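Data block below; observations after.
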Amino acid sequence: MARIGVFICHCGENIGRTVDCAAVAQESAKLPGVVVSLDYKYMCSDPGQQMIKNAIAEQKLTGVVVAACSPRMHETTFRRAAAEAGLNPYLLEMANLREHCSWVHEDRPIATGKAVDLVRVMVEKVKRNRALYPIQVNVEPTAMVVGGGIAGIQAALDIAAGGKKVILVEKSPSIGGHMARLSETFPTLDCSQCILTPRMVEAASHPNITLMTYSEVEAVDGFIGNFEVTIRKKARYVDPAKCTGCGSCYTKCPQKKIPSEFDALLGKRSAIYTPFPQAVPNKPVIDAEHCTMLTKGKCGVCKKICPRDAINYEDKDELVKVKVGAIVLATGFELWDHSKYGEYGGGRLVDVIDGFQFERLASASGPTAGEIRRPSDGQVPHTVVFIQCCGSRDEKQGMAYCSKICCMYTAKHAMLYRHKVHDGRAVVFYMDIRAAGKGYDEFTRRAIESDGAEYVRGRVSRIYRRADGKLIVRGADTLAGRPVSIEADLVVLADAVVPRKGGEKLAQMCGVGYDTNGFYSEAHPKLRPVETAAAGVFLAGACQAPKDIPDTVAQASACAAKVLGLFAAPKLEREPIVARVNQNLCVHCRACINTCPYGATQDREIKDRQGNVVKVVAEVNEGLCQGCGTCVAICRSNAIDLDGFTDEQIFAEIATLE
Amino acid sequence: MVANINEIQSAAAALLNEGKVKLVLGYRVRGNDRVPAFVTQADQVGCLAYDSACTQNLAAYLRKGEVRSRMPLAVVARPEVMRSLMLLTAESQIAEGQVTVLAVDEQGFHGVLDLAGTAKLLNEQYARIAPDSSLMEQLAKIEAMTPQERSAFWSEQFEPCTRCYACRAACPGCFCERCIVEMNTPQWISTAAESHGNFAWHMIRAFHQAGRCVECGACQDACPQGIPLMLLNHFIAREVEREFDARNGYDPQAEPVIGSWKQDDKQEYIR
Amino acid sequence: MTQATTQTETKAEGFEPRIVAFVCNWCTYAGADLAGTSRLQYAPHVRIVKLPCTGRIDPLFILKAYEGGADAVLVSGCHPGDCHYTSGNYHARRRWTIFRRLLSLAGVEEGRLFFSWVSAAEGQKFADLINDVTAQVKAAGPFKHNPARRQAW
Amino acid sequence: MKTLEATKLADLAAALTAAGYRVIAPCQRGDQVHLECYQAGKTLRADVIPVNSAKDALFPRSEVIGRYRFEGNEFETVPVAPQAGKTVLLAVRPCDAAALAPLDAVFNWDYKDEFYNAHRDATTVVALACTAADDQCFCTSVGGSPDSTANADAVLRPADGGKRFILESLTDKGQAIAAAGQAVLTEGQAQADPPAQVAPAFDSAAVTAWAKDGFDSPLWKELSLACMGCGACAYTCPTCHCFDIQDEATRREGVRLRNWDACGFGLFTKHAGGHNPRHDQASRWRQRVMHKFAYFPERFEMLACTGCGRCGRLCGNGMSIREVCSQIEQAAQAGVK
Amino acid sequence: MNSIGYYPGCSLSGGGIELDLSIRGLAQLAEVELREIDDWNCCGATAAHNLDHNLAIALPYRILALAEKQGLGEVLAPCAACFSRLKGTNVRLERSGDLKAKMQTIVDLPYSGSVKILSITEFLNRLMELGLADKLPKKLTGLKVAPYYGCLLSRGEDIVSDDAESPSAMEAALRATGAEVVDWNFATECCGGGFSMSLTDAVLDLSNAILADAKAAGADCIVTGCPMCHSNLDMRQLKIQSSGMGQYDMPVLYLSEVLGLAAGMGCDQLGLNRHFIPAMALAHRFDPPPQAAETAEAVSDQRSN
């Protein structure tokens, strides 16, 4: 038989003023199963809590209803008190007499009547509560960070600094990401490589970090604390253990005309290559597509020249399985393909370039050694037109959103160009200037006021190449209210920031959602900006939304904090409000599996003693379930129930309201 | 009888002879009735018959253990039955290789198909099955009534329901191990064959058909009391198509309609 | 069984409706809390049943409330896109769309079933909603032609 | 001789209603004919065998058999008397009347069921002799006949080619009916129509004999293959009498209900622990046949089947007692165990 | 024999007669029957939609309704303006539920929306598919063409299925003749359109820029599909040249004329002798003149003065 205790709080005058608490206590005492019903001035005070604890012990209570404020306020307090008195904390429920009754009604008899109802409902519910115990999940204290750009490097370094192991997976031959390609960074104009490369080296040498470059995530199984990840280590054809990074191989490689991805196709590289001189690890790989030894079996120069015999043409991809407890996705971004804009030449005009190409032209280590020279003829351009919002804020053909960083880097580009070409003319077409950030607006003002960039507010409607090689840029100056036409030598498009192609696949593997643009979805846009719907998977950097470097680094460090928090205890305790499948009733229609926002409902084979599969059913993974109960309502057989909100409890509540 | 009944028989015989199936689920003639035939030997195929009076949805047998134990099997299936098979595939009750389809319609036999082939045939040949016009007329009449009249109409219709659950038994979509109406902790739906129990039963039965009913009519045919269940079924199917642009039983990989969502699903009624 | 005589079984004048609300924990329940902390006064006829998410609401809950003689049912959760569990409210919305149409066909009159999105910040909206729903139900009177009402044995 | 014009059956029903009877008669309902309570305006159909059987009047599909109340921790039961008003089963078929024998037997076996008996005592049976049968009728195979008066208090015999009925009162209760219907009955002569010809379908003795040793026969599996497991046959059967007890309660009070149940349902014998002794439809069908043709004769020396043919008429899958018993008889003749 | 409905509109019997001639010739060659809509009326371009929206829809509605009534499933509207009006009306009727009923009351003809409207490029590409591609014996090797689309054959995403900014619908057919398509910039630039009469100076400026770019790109001729563009670039070229804005002598040909030339159709049959800027010299590079043809050239030259 249920033995329920009811405790009515006056909350000083807050409840007591409009609710006759003594009368509620009296009425509650008459409810079936209630053995003690008391009211008190402040139930949350020490004496109040003691009153509950004493009653639990003396009356051998099987359930408690505290009728006080909102459970959002003090449920934890009272449940802790119950636990201290030896009652399972999940056998305590709260009736909300303050926020939902005394504060919103003035008529004392009516409010008192409603308060009795609220208590009665909770009494009937709590009678059907059962003891629940926090779910313990083992945690493998190793993190995997996917993406070796600044976001991934920062997250890995911070986790490693916290004393936990990190596997940093990067698909290209070197870490560094886009930041390694930048010339200078806004708003301070410090050299990007100068501030980045020490971090890259630190990541490579940190004892807690395992670098896996030229590798890609192939499969992700498991759940928070217990992910099993399969990583494809692509064939490098160079044994990194033997290679010293001396560079003889790429110096001698006869295939030297391959457009360099790192240089945004403006420079060239060899078939055996490191992407850039400061690459980490500084060990080359062979590009199997362009190496004649691998394609035609002819050449072999690198093998002959290598003093360490590190070249292995027989190398194969390798699949490595690792166990990790948390995953940080830091896969970054790429630039929107502006060839979709026919009016800007549809990608056919070689002197219409994107932001990265300009970065490489401006970079001291770039293909022009930092001189601004246009791709078509290598001449120094005298007029450069910069166009912002190329593909951004364009629902029709491009992306609907603002790419956030373009205003700043375009100002930087205009500035760098004017610093390098003193008599040059920099014209910037913009829609709005969005320079919200520390020192950002000052920076754009500086570009305009000190460095003489001409800002034209308006869109460019057409770019074409005149027979003399000039690029004619026609647009509108909406402030002056007239069309403008500029004869330019070089046009730089601030292409929209878009997520990495193929990023959806990784998201699906991890159970992470993504928006219509392909950016990964955070668990809550305001309050959980680094978590995802998949517990144990976190987001850093531009894979979640366009971001500049400081925001990216901040988010990466936030990820590290989340990961270290998760790894702080060997076991993870989770709220036991989870769904459970009655496997006898489940007919495996898979509705719940389709429905679960967290991928927590999964197929489970039931086998007989011989190991034959006799039935397949759905099963809830406690590690993933967040307790929303959507699967429960979707199940036609009602083979699923939700602890804490069982059908029996809810039906009792409804019946009590009759 | 359809003209090329011999072709069904010989196709069935071939499947049995070649060991491709262990059982052919079809129809046979018994007096004025058409009843299910369970043919396990090639020499029994002579009993197989098909005409428009063969209205049972044989896909309903696929939940029976006694029938499932004889998989792989073949089913004589008209378009609605094929759609049931698509639903059962989508809801992982059957899989390719377990069920072969002997496709029929009122014109006759249209060949032996696997489930993928059945999906193709359905979408090519039977993409639009016109709903029964009398159903639509009746629905229009009911919808034109006042709420009180509608309530009275249905209470009159549900009154004779004895809760024999013949409707459930005849429906291929009702494959639950234990039906919601049989849950008693708590008792979801009163099992008494009285007003509120009957109302709840018929509402929930219809709701559980949302996005699933292929409108084969087997439930209504099975009802000894003549309750017009197809009115509810057709209404639900119509609403599902209107609201979610979904038609049931055409895609063996379909996501459940109730169990998936679109951001722009209508919500004008939500304030 | 004889009809339970509760305060709401009185005549239409002085009719005090019984309204059952199913709300999610994260938005509407919190919105009701905010109405409380803001001391917004509203009609006292609604009784809330708290669920983690509107996705948890089985259509049978609504039927059960009618069966017990509720004069109206209110269902409320997070705005689209704001679900604490990302998509529970989207799933719920699909169910409601069909179920409310079915109930309407079956004779449940307009003004006996309300749906709403109330966020944790919308204390005022919650109070207005309760007042409006209560006023509508009061005007409509007791739910006499309730097809789901429990049989008086 | 009392006669009733065929067109005046409804008038008789009205007269009996006026005399305080609850009149259960074959009424037109949509396309169907149901045995239900006569009300003014309903059309009576003596020419069609109704969908449901007469047992509904004596053993309702849901019946309150107990009541209780609670207040706080106090609990009390409330006595319930059967709600059995004076009832007449008007123009029910001899097979429905015949079914009262097995029902009487089972409800007065080890326990005398006060609810059934109250209904039974308050009920007058006015049978309607059959002059036509359909291909599902098989009363003659189970010891009945189309003009049997067994268990009837009065009988209506079609006469003069269906133009009128002859009303024969067989008991005092029957006399009371004749008296109450005085106004619509006429005194006169009429020639009773010949009874329907119902060809024998199977030898029930052979079925009973085979069933005695047939419990483990593999034949059940084949016989039951087409059964989908609904309760339609049991719920329309005039003799099936299984029930289930359910409570329905609010927070203040509750009722205990007796609802029909059927052995064809998978859950009928399912144990709380999950085991089900009748785990497949074959064992459920075996129970259905055994109950009617083996256990019942063993206990009560009568069959629990009256050959009304309802199960055959309604089952789209051809699962009727008639069909299954014929197959059993054939198997018995062929020596199949 | 395939058959396609035909809506010539006003210009094809007037200023755009070369277009009509060459299209009819090519259709015959490809064995496609052109069935002119009986009792057709003005499409409303380019003035109606500035005056009265109902009228602007009602006029094309009547044409479409007639075509449907006459059993024409597809209708070719060679003039780009007619095409735009007719197809645009189809789109609007489909989008707005009430519009159809309204138009039915105005025009008193039912129309279900079934008629498909083909542009000149869609039509000629269809002819190529139907076998015209195999009937082009003459290779226009060395002919440099600047395909000019203007607005009506590039804009309106529901109407034109080409890329609005860099259309390419003419290119495949032109290449099939052996001609070289030059890379130029002004393929979609405005020619001045319907302002030829009212704002002639603006038209001269705009058309001049187009001609200049085509010339700079090394084109021998501009190829178009729109009679209005044609008249601005061809007829107004005389004024452009006489007012000293530039000297181009740039023939402006219809796509159908170029294809006709490749198909070996005579210059007269194609109407090449009817241009303001003489096109015969260009044509004679591929279709050497019989003796009599010189007279026609002379006539044409006279006109150009």
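Brief remarks on what is shown
Think of it as A, B, C, D and E in the order they're written, each chain with its own count starting at 1.
Going forward, a residue touches a chain if its C-beta (ideal position, glycine included) is under 8 Å from a C-beta of that chain, and two chains touch if they have at least 3 such contacts.
The structure presented is a predicted model; accordingly, all values stated were derived computationally and were not measured.
Separation of chain A from chain C in touch steps, taking the shortest path, is 1. Looking at the partners of chain D and chain E together, the chains they share are A.
Ranked by distance of CA centroids from chain B, the top chain is E. Centroid distances from chain C, each centroid being the mean of CA atoms, peak for E.
Compare each chain's C-alpha centroid with the centroid of every protein C-alpha atom shown, and the nearest one belongs to B.
When the interfaces B-C and A-B are ranked by C-beta pairs in contact, the top one is B-C.
Averaging Cα coordinates per chain places chain A and chain D 69 Å apart. Centre-to-centre separation of chain C and chain D, using mean CA positions: 45 Å. Put simply, the C-alpha centre of chain A and that of chain E have 54 angstrom between them. If you average the Cα atoms of chain C and of chain E, the two centres end up 64 Å apart. Counting partners per residue, chain B has 178, 180, 188, 190, 192, 194, 197, 258-260 as the residues that reach two or more other chains. Looking at chain C, residues 4, 59, 68, 87, 91, 95, 150 sit in touch with two or more other chains.
Listed for chain D are residues 248, 250, 257, each touching two or more other chains. Interchain contacts (touch definition given at top) occur between A-B, A-C, A-D, A-E, B-C, B-D, C-D. Chain D contributes residues 64, 67, 248, 250, 252-255, 257 to its touches with chain C in the complex.
Residues 4, 6-7, 18, 20, 29-30, 32-33, 35-37, 39-42, 44, 47-49, 51-53, 55-59, 61, 64-65, 68-70, 84-88, 91-92, 95, 127 of chain C are the ones that touch chain A when the two sit in their complex.
Of all the residues in chain B, the ones that touch chain D in their complex are 30-33, 35-36, 38, 55-56, 60-61, 64-67, 160, 162-170, 178, 182, 184, 187, 190-194, 197, 218, 221-222, 224-226. On the side of chain A, the complex with chain B involves touching residues 584-592, 594-595, 616, 634, 636-639, 647-648, 651-652. Chain contact summary for the complex, chain A toward chain D: residues 30-33, 120, 124, 584, 655-656, 658.
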